[in-house]
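In what comes next, chain A is part of two complexes: it sits with chain B in the first one and with chain C in the second one.
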Partner chain A sequence: MPYVYIGKRNFYFGKRLWEIVGNLKNFGEGRLLVRSKFERYPEVSYVKIIRAEPLMDEENLFGRVLVEKVFRGRHYGEYDLSKTAYKNDFKLVPRDEEEFYLSRTMKAEELEKLKKSLPEFIQFPPLLKEMISKQENNPNPLLKAVYNLGPNNSTVFIQPGAVCNKTKIENSKAPHLYENLRP
Partner chain B sequence: MFENGHTQRIDVPRCHVNIAFNGSDKTRIIYMTVAISSKHFIMFGSSGSRVLNVINISYIQSRSKRVWVRKPLGSPMAKSKIFRITPKPVLPEDEKAEIKRLFDNYKNSMKSIRHYFFEQSLKQAESGEVAQMKHRLEDQEHERLMEENRLENEKTAMLREERLKIQAEKTQQNVLASLIKKEGEAKLHEIQIEDFLTKQMSTPFIQAENIEKAIEDALANPVNFNFALDLNGYVYRGKDTSIDTIPEEKRERLNSN
Partner chain C sequence: MAGKGLILKSLLRTRSQNFQRICLRTFLADAYKCEAEWKGRLNNPLLEKLKNENFYGELLKKFQNDGKASAIDVDLFSTFVLNELHLEDLEIITKKFRRCPNTVHALPSTSHSVIRTYLEFKNTDTLMRMVDDRLNYGLFLDYYLSNLLMDSFLKEDNFRDAAKVAIQLMLQEEFDHPITSNLALYSCYGYLNKPQPEPWDPQPKPKPVEPVEEVKVRVDYIREPFFDDHFDLTQPNHLIGKTLVGFGKHLLRQSPDSVAYTSLLLGWTLFEKHDKVIETLDTILGLSSKPYLLKEGLDRCKKTVHDWSNPPEGFLDKYNARIHQLEAGGFIVHDNVSDILRQRIKDAVSKQENDDIQHQKERYRLWEQQREEEIQRQAQAIERRKRLAILEAKKKDLKEKEEQLYFFDNLDEWELRHEEKMLQKEILLKEEESRGRKVSAKSQRQAEEDAYYPPEIIAVRKQK
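Up next is the complex of A and B:
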């Protein structure tokens, strides 16, 4: 009888970290693992195991594992992966394919090139602009832009003094959506 | 009040009333239900007599006609529909990117505006009329407290002066007493040293003049400090340690205590 799948689809694909690591020498020290969830990005994302200590519980779910994390081509340094190691989403990278991942890890100069320059000032909304210009006797008041500058957003470079004058539809990534738009 | 549909719901405080009419002419009431709680309601016929107490309120059947009541919010999915799972919508890549771009723009703009208003509010809090008043009150309070502090300081300064004066006198007396005591002790010490010296001088030590005689005496009378012990506690001094030559009475016994 063929299998009949019920319920919601599982978006993970692979094995648990502990299933893979348990079969390797020194619990996979120095080996690369890939999470299939992160394979949707064009850049490489992988982890290199520094040290793994499975708890050896019945279902092989828990343990402590320290890795070197590379996410979307960026090196994040040492990282404690213990909390997500139970997810059955890991794949082992064979030794001969490791070069593919290591060569695509970006260096500092490459990261510097990728930085996106963003304007320091943007326009106020029209009505607010009118109000402020009347209040401050300034015909063209500018709003200082605030960007999210978290640890994952290092590709942003704020250009001092630059002003954004574009409308929202300019620079579109899907211009066919605006084809029949009347000005 | 009584318009479209066959049933009309009237919300009376504490209970909900459903009235079912006969067709388009809204003069005849078929039945009326009065909900008492979420699970119980009572059904009345057109004549006003109670027809039945209904517990399951999913629908009511009357004259081969179903009147649906809304499914309770907490009730589960129908058994026949449990495995009906809607697939995830798939968007083209460029549209996804465009949506993300628009959303990012929106997020950044909103964040900037929010930040702007927040800074404005801070500015207003600094320079507004209420803030000025607050500042003035705070300054007055500060001045008052400083004055109070000054008076308190003066008071404590006076007290401190008195206390220090008394303390200085006391220490002077203490120092004098200790000096006198020390002088007396020094005198006593001198006397003790003199006594000790005279005692030392009087003991017959070997003097420099007599040294040759003392050496000769020592050479003439050699002393042997070696001795032997046996298990019974007898001591044999010098070199005469053979038991046979010394009679038992002459042997020296080690004091046990």
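Up next is the complex of A and C:
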């Protein structure tokens, strides 16, 4: 092939979202698309198109897409995928295989089961505890825990009033560090 | 009886050959075309206005100046193409509109009108080329149009274009309508039996001239070739194979019978998916209710496998073993595929036809209404913009006059504003001076990268 193309590479397998969606009626309303990069996870990840409005530039890179995103089995609701639609990583899911993906999405009850309850308060380290209790005349000061709550962390459930009394880290990889601790 | 027969014969003889053929092979009634409603679109009073204007020229100007035109303008243009000479213009406008951001707002009647116009003027080669190029033209077939197209192609024995319509249906994965699915299967089998007219692609895209020596081209990103087995298929065998598989699977879900299983098997063989062929054969052999396979289909399968230049290892043995089992087990039936399908089409037509016609007439009416509403809306929007522009101009005028009249009363405030303006101007000037011809760091890096030429490695011999 006489034309040899030199440029940057990417390691995506698939087509750009606009190339797939431009070939479908109504710009692919209601169809499922899958990204090759997310196939490494055992759970199912796909994207269901609600509305796609391409800009129809030459390279088919830009436009607006509103999708329902499911990542690793969890449903993230409506999501604006415009910023990642240019990646040539997408594959169309034929209609017979749609059920495979839809059935493996976790429903609300399953997500409830996965919820981890975490304590609201943590104990202070011993020296700091002494200092604070003297300053505030409070024999048992507690530190309010701040958890990173986001769409990726939706199975965290904070139990109000619970106090974390652990001084050891369980299943640690260096147990010799905790051998001579006072309880 | 004889008298009537003689009269009929003389009538037939006086008509042309085509009419005879039409009598024999029409599936859909003439009423299906809804000619009255289709021609009724010309009763619109707008047509008189548009005939006199150079609508095409103005649309082109809009595309040039703004890069896009409104959906309703393109819709009006495509509905009111009355002359064969305007078909090229229609193609250009359709392509330009599809490649502009306003495609999202396209009215459903636009693509319908384009396809029907091309069908009316019998420019079917160009039409099939446009329908196949979905990214650039965006003409999508619904069930009514696909039925109409397939029927008109089958009347003229144009199995190739009828099969192409079936392929489009498969690509959109629309297998539901009973008339359409049976017509599609009939067209595919018809093309396999009689691949006419000959060249699959009568209007191939001109191939760009490639230079003889190696030319290195700098691109931003290299596209790794990815072949999705769906929109990228080009070979007619593969396309027809996949269509047969698609319709076969749909039929299987409804009523597993000989046509379904034969279509599946034949489809996978044409599509050259070797493991799927073996899988289908196994399922057929393994079913408790013995499904029948049509001999025609099986013969064609065998012929296709025989014609393969290099089948994978072990395939031929497994294949032949299973075929022997099929033939020995009495799975084969000697029915004619075309006859079965023809009967089914007739049944489906008798059930669905009237509903379809009513539905389509409703849609034509709805589209007329939609068009009116859209025109009104556009007219109102244009008026509103004009009024706003006039208001803005007036406001500006009044402000200037006020400043002039009350200048000496508001002199202090004017002086303050003037000072601030002068300060800002100085700051801007200073910034521009300091910037000078400086380019941003990113574009500097890009320029370095673009200018980089990999060094040529010349072997240097060590001198002793």
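Quick note on the criterion: the second predicted complex is superposed on the first by the 137 of 183 C-alpha atoms of A that agree within 3 Å, B and C clash if a C-alpha of one lies under 4 Å from a C-alpha of the other, contacts with A are read in each partner's own complex, and residues count from 1 in each chain.
Note that a residue touches a chain if its C-beta (ideal position, glycine included) is under 8 Å from a C-beta of that chain, and two chains touch if they have at least 3 such contacts.
None of these values were measured; they are calculated from a predicted model.
In the superposition on chain A, A:7 contacts both chain B and chain C. When the two complexes are superposed, the chain touching more residues of chain A, out of chain B and chain C, is C. Contacts of A:50 after superposition on the shared chain: neither chain B nor chain C is touched. Of the two partner chains, chain C is the only one touched by A:91; chain B is not.
When both complexes are overlaid on chain A, the residue A:61 reaches neither chain B nor chain C. Touch criterion not met for A:163: it reaches neither chain B nor chain C. By the touch criterion stated above, A:125 is placed in contact with chain B alone, chain C being left untouched.
In the superposed model, A:142 makes contact with neither chain B nor chain C. Chain A uses residues 6-9 to touch chain B in one structure and chain C in the other.
Remark: chain A residues 6-9, 122, 124-125, 128, 143-148, 168, 171-174, 176-177 touch chain B in the complex.
Against chain A, in their complex, chain B makes its touches with residues 83, 85, 92, 94-95, 97-98, 101-102, 105, 107-109, 111-113, 115-116.
Touching chain C in their complex are the following residues of chain A: 1-10, 12-15, 19-20, 22-25, 27, 53-56, 60, 88, 91-92, 94-96. The part of chain C that touches chain A in the complex is made up of residues 98-101, 103-104, 134-135, 138, 140, 171-173, 210-224, 226, 228, 230-231, 249.
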